[in-house]
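What follows are several structures.
Two complexes come next, and they have one chain in common, chain A, joined by chain B in the first and chain C in the second.
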Partner chain A sequence: MTTVAEPRVRPQPSTLTRLRGWLRNPWGKPRALVVVTWVYILWSIVPVLIAVQFSFNATRSRTVWDGFSDRWYWGDPVDSVLHDPALSNALAQSFKLAIADVLIAVPIGVLLALGLARWRGRGSGTANFIMLFPLVTPEIVMGVSLLLVFSHVFTFIETGTTAQILGHVTFSISFVVVIVRARLFSIGRQYEEAAADLGASPFRALTRVLLPLLTPAIVASAAVVFAISADDFVISQWLSSGGPTDTVPVQIYAATRAAPLPSVNAIATIMMISTLLIVTVGFLTWRFFTRGERRAGKAAEDFGRAFDLT
Partner chain B sequence: MARSEIRLSKLTKQFDELTAVDGIDLHIPGGEFFSLLGPSGCGKTTTLRMIAGFEQPTSGEILLDGEDVAYTPPHQRNVNTVFQNYALFPHLNVYDNIAFGLKEAKRPKAEIRERVGEALELVQLPGYERRKSSQLSGGQQQRVALARALVLNPAVLLLDEPLGALDAKLRKALQIELKSLQQEVGITFLYVTHDQEEALTMSDRLAVMNHGRIEQVGAPQDVYEDPETLYVADFLGVSNLMQATIVSAGTSTCRVALDGYELETRGTDRDVTGEAKIVIRPERIELEEHGSPSGPNRIPGMVERVVYVGSAIQLIVRSATGEALQALVQNTGGEIPYEQGTPVQLHLPVDALRVLPSDVGDAPSLEDEEPDPETVAAG
Partner chain C sequence: MYRRWLWPASALPGVLWLVLLFLVPFYAVLAVALGTVDPILFQPEPIWNPLEWNVGWLNEVLSRLAPGGIWFEVGIRTIVYVVIALALSLLIGYPVAYYTARHAGRWKGLILILIILPLWISYMMRMLAWVNLLQEDGWVNEFLMFTHVLSEPQDWLGGSHLTVILALVYGYIPFLILPLFAALDRIDRSHLEAARDLGASPWRAFRRVTLPLSKTGILGGAVLITLPMFGDYYTPNIVSGAPSTSMIGNQIDLYFHGGPQPTIGAALTIVLAAFLTILMLYYMRTIHRAQREAGTVGAL
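Right after this comes the complex of A and B.
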């Protein structure tokens, strides 16, 4: 039996159908997902941009735009970030903590990662798992327990900068370990074996081969540690002894509860831009050291993966 | 020039409950090109890694020129390795990669420069000093890895499937190069591969490994022509295996019965009685026209399949005894003389037929596949 195919007349699609087709075209880009992504990006970034904008406001208002001014950064002789001792102290304290945190947590974290990646056998699985605890422990729990430790066990450490640094280091190490260990696994043991084969002692293999290959991960983890330390509110607050040991987030929180001025926006902007700069430098260093090692675009992906953990 | 001999004595390596290397004894005289051949998981790489020092033997000895090095850490052993994936340091250029070992040995700068230059000359890559390994092709990386190992003048050079990652044509070219390089430098080469062709073309002698044991050691020709076990017969090249009953066995000739046909085969030193396997290589089977005068060692058959391979024509012939036998006919450029269904007469020459006891060594089969000890160890 044969059927004569009738010439098919396609009806003119409606706008709605066309839009649906544009979104759902299975051969095209995943446009629906792209739309969702952009909506999210705008949703999350627009409030930040508005906050930044009002840090440049010419009047004391944080809601009504009255023209551009630098007064909240340095122009105002009393209330600018530069001249308000509470704010400038907080900025200094935040940077002090972040830098100390990087300098202490990164070396310890790298050594721990090396140890954990090489350690096989009983206990190694548990140790690897426990390393992840600080990543999932609610910060408030960690803050409270650290305060208990410093007020009851290690009473010679008073709250203040030292306790804050120790607190930050405690939770930062995990991030370093996770990032560096991931890189160690992707490097594998082959380069170490090759170095040993060519006559390098384990220590020489570490310094001549492993550390250079770990550099991107070390830089990335330093950037992450800086960012999370600068960002931290809970631990900084719990372990602060008040006044000069308040960090930027603590200070912002306190100021917003009183009568906030645009100088709060200004200090937040400074923090944000410094963190962004540090992370960008970290990313560029990562890319520089891993160039030629991977396909284009993979660097960003790997680096991003390190940040997914934060 | 370093020409060191290796002697392995009851060398054993166990990973948890898996025995990767099961008490092997092996002697490799100085200056030999020796291959360890076997499928993945047979223990060949583990053996090499123990000689290099990356794995500690569970028991046994590794004697390098008579000295037991089994408990010497890898960086203190005078052996160097060419790794399967080369393991060139990605953060160093070609020069620094090759100079790595010399710097560790604290050689003077001028000497390092000279020796690196010579090594690059040796592997035909002069002028590549400043390149990064990512800028090199696979074959070039392989040469740099070779230069990096050879520049240290090792007592033994270990090669772990160094050609595995290269394409077929380059692999062939490098096989010949590697062999002549070995003859030039005179260093003992221990070459690990699963590729029987590589092992056959390059080695002075080779060992066929299976399940952590050595099945047979010998010159390529001996192992190929005179396999001692079914496993070796089947692993090296293609073998036709047939079940037969021993009629009489002797050192000069044997007689076997095969489904109503009686065949004469080469003699055997072994004491074989009852059921046995007989083996013949495809290229040794001679095809005669149907109706040719019958004679000893001749069985009628029927062409079942004709496969054009290029240089040869492969025929699957069903013999009157029921076996499907593979035969090879040289491609001389003319018409293919056989087609499916052509009746033929198979001639199995006496000197090409060999008797193997059925119980010596198990033939490899897919069910035999075991996890690679390396991956097990890593997991």
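Right after this comes the complex of A and C.
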């Protein structure tokens, strides 16, 4: 009788063994990289989590933890986000600007992306070039120029909500174009050509074939526009007329330079969670629409790549 | 046949918007900077005709920025801050992007989400977080005193160069890591395998293959964070507020918010924009060359 040799299974090194190997040679490849990466991630996220924690502090301190409380959100009758008009107005103003920005910039940007991708002829090169400018112009230059244009040229528009919306849309359009155009390139032209071969007019091919295929990019760009509008500080500040037109970032900036209360942490936390929720919804919608197009398990990577602006 | 005008028409609203609210406003800055000032009310009076432009204010700003001028130090400080912040960002960002693209394995998706996460958290929120930690009785001082690095609390927020530079790094580094990751992730592994098969050491393979092929990502990311850093004024204001850490952006901010002379602010904005345009042109030329070189590498 012959004995069948047992296939030799090499035991996976236990976590402890691996840890010991690490300690013996912490700089062996790519362990140093692992350490750098995770330290970076902790460094980039933990301070924000601590700021969120202090928005729930029971006392006025932002440095000494005195127990959990909801006073800075709604409990405090004077200084909470709910009861301090400066803070609740800022929250309303931020949402107002972000929603208006999405409603205006996304349709304009989608049409511009389509036009720039398909329009071959005089003027298309220039239009392509102009589209790139807002992406690389420092916000302070844009802030100065918008402030001056509203005080010297379009004098019928005063600083305040309208001017802020116009400013936000101006820097948002290019982001929509970049995201939608990337999707257009990955779709290619074959679906449109097939529609044309089957007798669809260009307009019908656009509405029945191209726009449905663009849905994930449109959803992603709406989430991005909401996020960059909610995050924007410079344009909102330069075009603010003070008081109720100050947005959340403007309030955080002003309060931090004075003597802030944890209510500032609270308003920042509310804004952050709203933005993250919207981006998550954008991501899930995007994943739903592109299911079957992508390699399994790579949704996050592809979503990340949608925002690669270079 | 409307086939011909369908696409230009679809681009029209966007193009019109950008012309009216991007190009015209920029021209307004030029008209104000090269205009005159009302001698009684000190209000800027823009000149719209380029043939009548008055370069007096622009000369004034340039002489202030020249050696010996009152803004010379601010200008140098701005450049030093940006260069150090950029170098630190690359030093931290490159290994992170490299690890995520090459070695993260099954963690790749999670790490990528965690790297993208700060992009969705408001810049002001992230600055606020550090202002809290850096208070006199904040956790940073507590930690440094607990570990006996410091014997008494340090005033981090009263005009420290280190604080401003680290705040700039903290604020802008996520925008650098993403393009770096994209460039590194695009590199075809067979190039690397070929280099290793031909006897290159891992370090040499990195230096001769990976690094050159990620050049476009390095440059792209560097430009993406350098341009806004040069126009930054809120970061030094929020983590320091002292004149000793003021940057060019702070001077522009001062001349518009509370300052009496928007014309000087506009002229300084023009100088800043011109400087950044030169930087941008240099970047575009380098990218063009790098792409041509990368093309030959691919062909070989």
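As a working rule, the second predicted complex is superposed on the first by the 267 of 310 C-alpha atoms of A that agree within 3 Å, B and C clash if a C-alpha of one lies under 4 Å from a C-alpha of the other, contacts with A are read in each partner's own complex, and residues count from 1 in each chain.
Here is the rule we use: contacts are C-beta pairs under 8 Å (C-beta built on N, C-alpha and C of every residue); 3 or more make two chains touch, one makes a residue touch a chain.
This is a predicted model, so every value here is computed, not measured.
Enquirer: Are chain B and chain C a fit on chain A, or do they clash, once the structures share the same frame?
Expert: fit
Enquirer: Just to be sure I read the superposition right, which of the two partners does A:G199 touch: chain B = first, chain C = second, or both, or neither?
Expert: first
Enquirer: Would you sort A:T275 into first (chain B), second (chain C), both or neither based on which partner it touches?
Expert: A:T275 contacts chain C only, not chain B.
Enquirer: Quick one: name whichever of chain B and chain C touches more residues of chain A.
Expert: Of chain B and chain C, C contacts more residues of chain A.
Enquirer: Where does A:V209 make contact in the superposed view: on chain B (first), on chain C (second), on both, or on neither?
Expert: Only chain B; A:V209 stays clear of chain C.
Enquirer: First (chain B), second (chain C), both or neither: which does A:Q190 touch?
Expert: first
Enquirer: Quick check on the superposed pair: does A:G75 touch chain B, chain C, both, or neither? Answer first, second, both or neither.
Expert: A:G75 sits against neither chain B nor chain C.
Enquirer: For A:G243, select first, second, both or neither according to whether it touches chain B, chain C, the two together, or no partner.
Expert: Neither partner.
Enquirer: Between chain B and chain C, once the two complexes are placed on the common chain, what is the minimum CA to CA distance in Å?
Expert: 9
Enquirer: In the superposed view, which residues of chain A touch chain B and also chain C?
Expert: 202
Enquirer: Taking the complex as given, what residues does chain A use to touch chain B?
Expert: Counting only chain A, the residues touching chain B are 190-191, 193-202, 204-205, 208-209, 212-213, 289, 292-293.
Enquirer: In the complex, go through chain A and note every residue touching chain C.
Expert: Interface residues on the chain A side: 29-30, 32-34, 36-37, 40-41, 43-45, 47-48, 50-51, 54, 62-64, 108-109, 111-112, 114-116, 118-119, 121, 123-124, 127, 130-131, 133-134, 136-142, 144-149, 152-153, 166-167, 169-170, 173, 177, 202-203, 206, 227, 230-231, 233-234, 238, 248-249, 252-253, 256-257, 260, 264-265, 268-269, 271-272, 275-276, 279, 297-301, 304-305, 307-310.
Enquirer: Using the touch definition up top, name the residues of chain B that touch chain A in the complex.
Expert: Those residues of chain B that touch chain A are 52-54, 73-76, 79-81, 83, 85, 87-91, 100-101, 104-105, 132, 134-135, 148-149, 152.
Enquirer: Taking the complex as given, what residues does chain C use to touch chain A?
Expert: The touching residues are 2-3, 6-15, 17-19, 21-26, 28-29, 31-32, 44, 46, 92, 95-96, 98-100, 102-104, 108-133, 135, 137-139, 170, 173-174, 178-179, 181-183, 185, 202, 216-217, 220-221, 223-224, 227-228, 230-234, 237-238, 241, 249, 252-253, 256, 262, 265-266, 269, 272-273, 276, 280.
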